[in-house]
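For clarity, chains are labelled A, B, C and D in written order, and residue numbers in each chain start from 1.
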Amino acid sequence: MNKNKVLEGLISMNKIKAAVLGSTGYVGQELTRLLIQHPQVDIVFLGSKSYKEQSYSDIYANFSKNIELICYEDNVENIASKVDVVFIALPHGHASGKINKNILSKTKIIDLGADFRLNDEKIYENWYETKHNCPDLLKTAVYGLCELNRNEIRTSNLIANPGCYTTCSILTLAPLLKEDLIDENTIIIDAKSGVSGAGRSLNLGTHFCETNESIKAYKVASHRHTPEIEQELSKISGKEIKLSFTPHLIPMNRGIISTCYASLKENISYDDVKSAYEKHYGNEFFIRLMKKGVFPETRWVKGSNFVDIGFSIDERTRRIIAIGALDNLMKGAASQAVQNMNIMFEMDESTGINQIPAFPI
Amino acid sequence: MNKNKVLEGLISMNKIKAAVLGSTGYVGQELTRLLIQHPQVDIVFLGSKSYKEQSYSDIYANFSKNIELICYEDNVENIASKVDVVFIALPHGHASGKINKNILSKTKIIDLGADFRLNDEKIYENWYETKHNCPDLLKTAVYGLCELNRNEIRTSNLIANPGCYTTCSILTLAPLLKEDLIDENTIIIDAKSGVSGAGRSLNLGTHFCETNESIKAYKVASHRHTPEIEQELSKISGKEIKLSFTPHLIPMNRGIISTCYASLKENISYDDVKSAYEKHYGNEFFIRLMKKGVFPETRWVKGSNFVDIGFSIDERTRRIIAIGALDNLMKGAASQAVQNMNIMFEMDESTGINQIPAFPI
Amino acid sequence: MNKNKVLEGLISMNKIKAAVLGSTGYVGQELTRLLIQHPQVDIVFLGSKSYKEQSYSDIYANFSKNIELICYEDNVENIASKVDVVFIALPHGHASGKINKNILSKTKIIDLGADFRLNDEKIYENWYETKHNCPDLLKTAVYGLCELNRNEIRTSNLIANPGCYTTCSILTLAPLLKEDLIDENTIIIDAKSGVSGAGRSLNLGTHFCETNESIKAYKVASHRHTPEIEQELSKISGKEIKLSFTPHLIPMNRGIISTCYASLKENISYDDVKSAYEKHYGNEFFIRLMKKGVFPETRWVKGSNFVDIGFSIDERTRRIIAIGALDNLMKGAASQAVQNMNIMFEMDESTGINQIPAFPI
Amino acid sequence: MNKNKVLEGLISMNKIKAAVLGSTGYVGQELTRLLIQHPQVDIVFLGSKSYKEQSYSDIYANFSKNIELICYEDNVENIASKVDVVFIALPHGHASGKINKNILSKTKIIDLGADFRLNDEKIYENWYETKHNCPDLLKTAVYGLCELNRNEIRTSNLIANPGCYTTCSILTLAPLLKEDLIDENTIIIDAKSGVSGAGRSLNLGTHFCETNESIKAYKVASHRHTPEIEQELSKISGKEIKLSFTPHLIPMNRGIISTCYASLKENISYDDVKSAYEKHYGNEFFIRLMKKGVFPETRWVKGSNFVDIGFSIDERTRRIIAIGALDNLMKGAASQAVQNMNIMFEMDESTGINQIPAFPI
């Protein structure tokens, strides 16, 4: 097995040359799978600190017969001049320590971590309890929620790929705020995620027997996706939104649903809400609006870039319950990163990520 | 293998003679297990329509070597004069068609179904979309939520054993309303249940591959436990409460958590809430209050009559998030029915239901 | 939504026109997914008795936004003249009742059921306890285990697509018999399958709570895949093989492993076995041979057409333990059917079925 | 919360005083649960190195409201003079380093680890790849498989509690060898276990997403329970037995089945085998023999000390397939340790371990 292609000049012509840093986490690995199968991409570098100089398919045996690259520790300066796009799938604090304006002048960056998602350095430091490594780039970064920020993404070279809970919650609530249908002070998001969202690091909380056949809430009133959701929804509504967000851990590998509650404004009807969703999402391929009385289930989106959204109006309490579902490793991470790349490189937005969800899986 | 003991006069002296109708559903079967192991009870009749004249341990092989009864179709008039207590674990509409004042004069009834839980015949008929079979008994029935209604239960001969979601939600919220700590118009309950709550009847929705590795909300804004929760919380608060209740199906066998949201009244602090819970539950053996920052997980209550309750205050939104967890087949059904029996027959309330939860199971 | 394309002449030029009978079972549905995504195929008819005249994506919501066909009851005579290939994914007894020589003169048939797998009508009738509907076609049919019968498949118009356990077990054992490395009288296959192998029909045995968190053997010494394995291995070895086959049900959606035991012939070494596997499978894209000390796990093949095979030699007992793993709905059914079609229509064998397994899923 | 009772003289009169070393592993914790509920036992010491000086119910929240002990590092010399029995639930190599003849003169020892299971020091050192710490005690130890060695257990003060796979496999095969019904050179055991058997230590192999929805064989032809099974079956048969044993990991918390294969001796019939099982196990409370055509499932024994055994005869191959099932943390570890204690202290053998399995759980 040979060294990474980037170091050997074996890269193909015409295709986008991509590097993946943090390629051996669950998200990095899912992204790598999508990029291998992407018709317009060549992966030329797979970064990994934990598994450096190991064969990728020895680490993840699903890749056997599909890729023959070896993982290396990254040197971003060096890589930047040789690739068209660098995906960074590392824990928060890493991406901001690796990139700078010079690097951004040479290559495009899609960061799947949290470093560039929050516009306000103070809010970042408050929720992440650490200094930000390069606050000057915060203004440059575009929040890569494709359906909402497509135009800005197209011309950016630094994308902050959104979090999994975040993508699900914002897409579910956005039309309600855009059309001013709900009281923005009453938003509660009760979210549930499969275990892959917690990553591959060993932890008693994700040991099989401690997780299987049980459910719990965690990081109650303190999860770091909260300010991210609030920031984007505030932009949409034009008002400063504070909301409650509670994540739960579900004994399954993949999938997120966000069950969102809000008080409807006076006289808003089922049809008003339906029209709002259709107006904003009717032409979005990756958003599927459910029929009346049907609600999203994570099984129907697994392995795909789809987001399913359904809602009900509780006339007794005049609240809307709007529910979104997605695959946390796909639209919640890797496939949205590819969607961002597709937009940035002016390809059809669904290239390489138009898989139909498999079932039952 | 011989016929049921009641029909043969083989009943023991001094012990409580019990009959279980609907003994081959999940709840009936769990109840039967508890009663077999209860030191003060003799089961003398096991009713079942679907499995009539079959050996109980052929239907549920876990009972092999532990019970040698045969299931029969019930004749409540006949049974009533021979037993001290009849447990009815049948779908709604059945219990109310089987009992009457004459029967209640002969034996005590603990109904694990929904027929006697709602005080108002109209509300019953509205939510259950059927006429009530004996509305005159609604006034007689006591709502068997043991920690709240112990005194009434003691002297009653007709107990409406509460629903699973209901027990969990009411116990989690009751002290907050009793002590007037929350705005009763802002209550939202987002609940999650294991699949055993759906029973043993075949249904595509509970087929293994349709349920495993997925999560969904169901009966959004329309689940029949809603009016039951509202009724009891209204009694506690003295105000008419309308709330939002959304159940979700989780891919696991057992367990429920209710994540409850409400706006705190002005100036209410963490310590105020803590004091309220301690005041009402400090001496309750079956309610375990979590330390600050710790939240219930269903695995810690599985197979037991315990209810675990924890809470957090989100200062940013001034909401409380209070979370309760229980085993839906135990405190949510069968072991609470036994707890009711213990109270009615003036035994120690924990007799036969003080199992420590096993883990990991 | 319009009627099926075949009935309207909307079929595209140049692509293979395919019909799927039994399209709403788990296998039929997985096959439909693969065919939609196949670059050289147009699905023109989806058959279903249970869901006739319903929209396919209403039955399987994963297909929403991906297909707009309606299911109809099939009329094979009618369909045969309009399509290039008919896939039949129906329970045994159906395919043999639907096809005949006239139909085979008009279209190719790939039967995913059991009707044409056994060459001997008597053995079929013995194990399936029913008369065979068209024994005259048994000689015509080719057993569609692609890696073993590629040449015969190429020129056939009636393929018996092998069973899931069968594919896994035969591929694991074939090289050992071809190279005469084991005593053919000592073969034991202990196999384990996920629940999707049992299909979508409702059954207490596949109800979530009856299957989850448990394991059982079933159809011990009587499973119908036994004669199929014996027939093919007998052909390979040139001797009549009788073996023991025990299937087990595992609480997971997908995947099969076959753990195969046999006594090694004298003086056969690890390297002899390794050479045998490499000789027969070294050039097979869809068979991945594991390194020494590494054994297959179903997670690495999920969602793909790969078969992973590993083995160990127990010097103490002079037995080989050879283990194979595959995805029962893919290489064990749907993707192997597509592989057969690819061979029959002289396409690259991996067209449309070269997905990399996703993980964790 | 106060110190351990043993150090304070708070021990009760008349009850058996017990210490548990390694009390915070899964087995130690399950044992602790059983001992708390045992009517004749007082736990006076809970040992733990990893969690020393922590409250037990903070480590395992299921114990909240049920025990108020603190864990300490053990000093066996000190403990031995204060307790009647010491349970050691530590990894192999530990128990043999902690005990000696002096300690055995003061207290009884039940070791749940592997140190005293193998009679032959050489075999131990060969399979465990380490020196044995006190080979002189090997002759003293009694192999605590209760149904087979009850008499020796009664008078011993050093019990080697058998392994989980071992208990299941030996009990399933013993009557066949005792009655000389099978060819002892043809035994193959294909076993499957839930994940709790792997313990609580963090490991990528038992991380939720790496284990869930997959199955694998592990330690093929090299698992350390092999010599233990061979030793005991050799004693029973009077011949030296070498067999094949393959364990598999199943995505569920608890339960083991052993599927055992062997060639029947000539002319042995179903009824011969049935009689053998009835002869040896007909009076054993904890062994349940299945009816013809019914096979064990782990769900029916979960949480109990029962072993379920069923078998089939494959007339085509003249092999018997005998299947046993048990709960690996109960009869496979903790409840069998209690059963051993009950025998040693001349109590009814089922005291404290006669729980009916709960279902579905």
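Simple rule for what comes next: a residue touches a chain if its C-beta (ideal position, glycine included) is under 8 Å from a C-beta of that chain, and two chains touch if they have at least 3 such contacts.
All values reported here derive from a predicted model rather than from experimental measurement.
Path length between chain A and chain C in the touching-chain graph (shortest route): 1. Chains touching both chain B and chain C: A, D. Using the mean of the Cα atoms as each chain's centre, the chain most removed from chain B is C. The chain pair A-D and the chain pair B-D differ in C-beta contact count, and the higher one is B-D.
With centres defined as mean CA coordinates, chain D is found 40 Å away from chain C. In whole angstrom, the spacing between the mean C-alpha positions of chain A and chain D is 46. Note on chain placement: the centre of chain B and the centre of chain D lie 36 Å apart, centres being C-alpha means. Those residues of chain A in touch with two or more other chains are numbered 26, 196, 209-210, 212-213, 251-254, 297, 299, 302, 360-361.
If you check the complex, the residues on chain C that touch chain A are 26, 29-30, 33, 36-37, 60-66, 196, 213, 253-254, 285, 288, 294, 297, 299-304, 306, 308, 355-361. Residue ranges on chain C touching chain B, taken from their complex, read 26, 195-196, 200, 202-204, 206-213, 251-253.
Within the complex, the chain C residues that touch chain D are 186, 188, 190, 192, 194, 209-210, 212-218, 220-221, 242-244, 246, 248, 250-255, 257, 259, 261, 295-299, 302, 312-314, 316-317, 319, 321, 323, 360-361.
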